[in-house]
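Here subunit A shows up in two complexes: once beside subunit B, once beside subunit C.
This part shows the complex of A and B:
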């Protein structure tokens, strides 16, 4: 069950889970989801399940600890003659300790699985001679640990749960099994979205009955995701893989094409998986947060990240950016910057510190590698510069009497943003930091359309028919996105008509996926791309 | 409330802040703008706005911002 779109999941695991869920009394249905989630996890990561259990156990204990401290504090504050200031200060200290303990245990596991090898490589040149003086040998062989599936996703959910309990925006869950379901719900475990306990958890154990409408509409969403994956993501895989793995053999034009196709592939694979997740959630009556809102329609770099992998962006915003920006040292920096650069530019300039932390964190969250650090730095620069120059852009447009809402200006913004996105994804997909720089160098220094003219591009894993197929599919996806942007949902439109229209739409989509899907000889299906992060 | 409106208009004059209830949800106020806004509100009303208060409910509308400022003033933060 390495992909949600495998036959085992779609034809066996999901229907069996639905059947058991529906047959169970309503108050016990969430236990079916928990059992299914743990079976799913076990089928991919085996004994590494123990780390999910450790995460769940420690986060549950820390939550209960915080809850108990809050109740104790409240009762002491009510006591006659209580020194309120002293009690508040003392309990704030205790609560910070419990929060830190929970975070350290969970983030340490994440670090050990994802970054130990990277840290070892970074430290080796410095640590090897230093330790040699003390007669200690620094390990030279790479420490490679197989990570439990979804550790990056469930750890962020666990961290958000604990911080929210600490902030008192939610109450701690007293039932460890219910918390276990929130952290392991099988549609979420591989690629997110990263959910908040306050928004999602209640629906998971509500045990809502499976209805015909939810099966139909959820199924349609899954089918749409499957179509995006097999028609586009799998079709471009061979070309993308070939060029990114041997970029030295190709000119800038081919590299640009690979960067564009990789961006399309990543979108279709990741958002296609999210369609499965949303559809699956709907079947069980659980509304999950959307992770994509037509990102290709963004007009600025900042807007792109409000539309792409939304739950990761909001996680970093709420738990890193705001707390850092509003921390005492950054506030002092903001005051100094306001004196130096004025009320508008000062806070923007100072928020660069928090923004840099967010983007280094975002880059490294995806993996330990130079390309991810570069990716983070690239988006930090793009977004921060965008924010800093916005007041000047406003003033300039007013002065030149340019209407910022006019079509040509908007088109210009879209084109600029797409170019930024393509470069960002090129860095992201590169096989390391130096490869990313090498590819960018070729893009800037060796751009030529020769490979297009002499037909070389048609020998890289995609023939002319493949290009046409991808082009049409992308046009359809963009058109559906534009309709969605205008509040028109095709699913709702088909559903509002009679059963025949609905069945025809479902059959048409299924037939299109079967006919135009890229599978069999000559194609290499792409593994779920975000499952490895 | 007028003081908040002045601050918002200085940040972006093209928005009708009195009628809007989706300033964060519609991405009219992004996180960089919100940090600037928080900084200005803290200065104008002599309050401290903690990170836990920086949630869409408090910044989606002029009224939400005003209620948050009032709450911060009452709590002495």
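This part shows the complex of A and C:
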């Protein structure tokens, strides 16, 4: 079961889980979800399940430990003659220790699985000669460990749970099995979204019955996601793969096309999977946070990241950006910057420190490689510079009497933002940091439309019919997105109409996916793209 | 009277399913290849060429993966034994596809013997793949959907026909020679290789389908240093005994074919070349010749086309 959209999941696993869930007494339904989640995990990662169990166990223990320390502290504070300041300081230290222990165990596992070989490659030139003096041989062969599925996602969820307990915004869960479900819920495990315990957990064990409306709406959403993935994402895969793997053979025009198509592929694949996740959650009565909000309608780089992979962005905001920004060193830096650059520019300049940490973290979260570091730095520069230059842009527009709310200006912003997005995704997809720079060099220095004129682009894995198909599909996706932006939900609209209208809509979508899907002979099955991060 | 919500939902679902199945049937009719040739979009045209053979003219059907269509030469078998046969082998053939092709072959032919090359018994596939294959058999649009790019007016107006057959009856001539390292091949062992439960189930279904159509299923392991070994032999021998199916292993024992691994393989022991195939086909002819279900059609005027086909084949071999 390597893809949510496989027949094994859609026709066997999901219906079986729904049936068992609905037949169970309400108070036991969450156990069905837990069992299904572990079966799903096992089917992909097998014995690596033990690492999910270690994460769950350590986070649960740390949460219980924090809870106990909080109650102890409260009890001691209530005692007559208590030295309140001393007690608070001591218990803050104990709690930080427990928090750190929980975080170190989990982040160490993430590091070992994702970053060990990267760190080894980075340190080898320095460590090899140094250790040789001590008679120690630094391992030259890269250590590559097969990672458990979803480790990047469930680790962030585990970290957020523990930090929220530490911050006392939630209470620790005394039931390890319920925490296990929160970390392993099968629709979330492969590609998120990254949920917060306080927002999601309760719904997971509420055991709400599966209703006709939820199946209909959830099912329609799953179908929409399937259509995006098989019609668009899997169709452009071959061209993207061909160009990115052999970029030296192609001119800047083809590289630009590949960058655009990769962005389309990534959006349709990832948001398509999110549609499955949301649809699945809906079926079981669990409202999950949206991860996409029509990101292609963004007008600035900053807005893009408020609409794309939203839960990752908010995670870094709440657990990296705010804590760093409110830390003493950064506060001191902000004061100094305020004095040097004024009240407006000073804080913006100082926030660059926290922002840099966020974007390096974001980049490295996606993978251990030079291109991910570059990716993070690219977005840091785009967003930070955007923030720093905004007052100047505003002043300039006022001076030139340019209406920033006018359609031409907004179109310009969209086009500019799309260009930034395409470049960012080119860096992201490139086969390493030097490949990313090489492709950018060809894009800027060797841009030509010759390959379009002589038909080369039609021999890279997509023919004319494929391009037309993708063009129409993207237009429909954008149109649906614009409707959603205006608060119109098509699933709600169809559900509110009679059975024939609803049935016709479902069937039309399904048959379009069957006919125009890029699957079967001539196509290579594409695993969910974000499952590898 | 307004129906209760659950019933209204069931009604919606039934209407949707009915419409969807209807659309699948209509689109299947449109995209299906209108003849069983590559030019019409037919997949695995060589294997599907059996549908172009005159009805009930094939005595033996060979099934399996690439081991089958590189090892069994139907035209040589015709020349040596007067037995008509066809190889419905395809690259990497998983058992659900074997079952599907057998079903198609049996819709037009009544073979006395069906030979299954055993390498595919060890090929993994998911339950999802098996479901998809069954769905593709019921609704060919799931297999031929990509023909939307090449649809013509005739696809809307013409019924599918099967008039074409492969000139070598599904066989593929491999002329290269790449020597194999046969050291350790078929070394004695008591181990039993694993066969997935689903694979065993499909073998039982294939056996049942053969019996329903009056055919005898026979298992054959063609020589291969890459794909075959003693644990696999042991497992298949046990399975064949359990299911009462005749089994001939051409790698070992009394039915062993004397393959020269420096000359008779085209890719280092994975597949046989034409020399190896000739030896295996002769051996197969001996095995089939001893089976009571089969009689020679040599000299029968109704099979003149086979003599003509063999003459073309012989000229190809001389090239």
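In this text, the second predicted complex is superposed on the first by the 533 of 533 C-alpha atoms of A that agree within 3 Å, B and C clash if a C-alpha of one lies under 4 Å from a C-alpha of the other, contacts with A are read in each partner's own complex, and residues count from 1 in each chain.
The definition used in the following text is that contacts are C-beta pairs under 8 Å (C-beta built on N, C-alpha and C of every residue); 3 or more make two chains touch, one makes a residue touch a chain.
Values in this document were obtained by computation on a predicted structure and should not be read as measured data.
Superposition note: with subunit A as the common reference, subunit B and subunit C can be accommodated side by side.
In the superposition on chain A, A:306 makes contact with subunit B only, while subunit C stays out of contact range. By the touch criterion defined above, A:402 lies against neither subunit B nor subunit C after alignment on the C-alpha atoms of chain A.
In the superposed pair of complexes, A:326 makes contact with subunit B only, with no contact to subunit C. In the superposition on chain A, contact is made by A:387 with subunit B only, not with subunit C.
Look at A:167: by the touch rule set out above, it reaches subunit B but stays clear of subunit C.
Legend: residue contacts after superposition of the two complexes on their common chain; A:351 is shown touching subunit B, with no touch to subunit C. In the superposed model, A:343 makes contact with subunit B only, not with subunit C. Taking every C-alpha atom of subunit B against every C-alpha atom of subunit C, the smallest gap after superposition is 36 Å.
Against subunit B, the residues of subunit A that register as touching in their complex are 167, 169, 302-303, 306, 317-318, 321-323, 325-326, 331, 334, 338, 343-344, 346-348, 351, 354-355, 383, 387. Subunit C contributes residues 5-6, 8-9, 11-12, 15-16, 19-20, 23-24, 27, 31, 43, 126-129, 131-132, 141-143, 145-146, 148-149 to its touches with subunit A in the complex. Note for the complex: subunit B touches subunit A at residues 10-11, 27, 30-32, 35-36, 38-40, 49-52, 54-55. The residues of subunit A lying in touch with subunit C in their complex are 6-9, 11-12, 212-213, 215-216, 463, 465, 499-500, 502-504, 506-507, 510-511, 514-517, 520-522.
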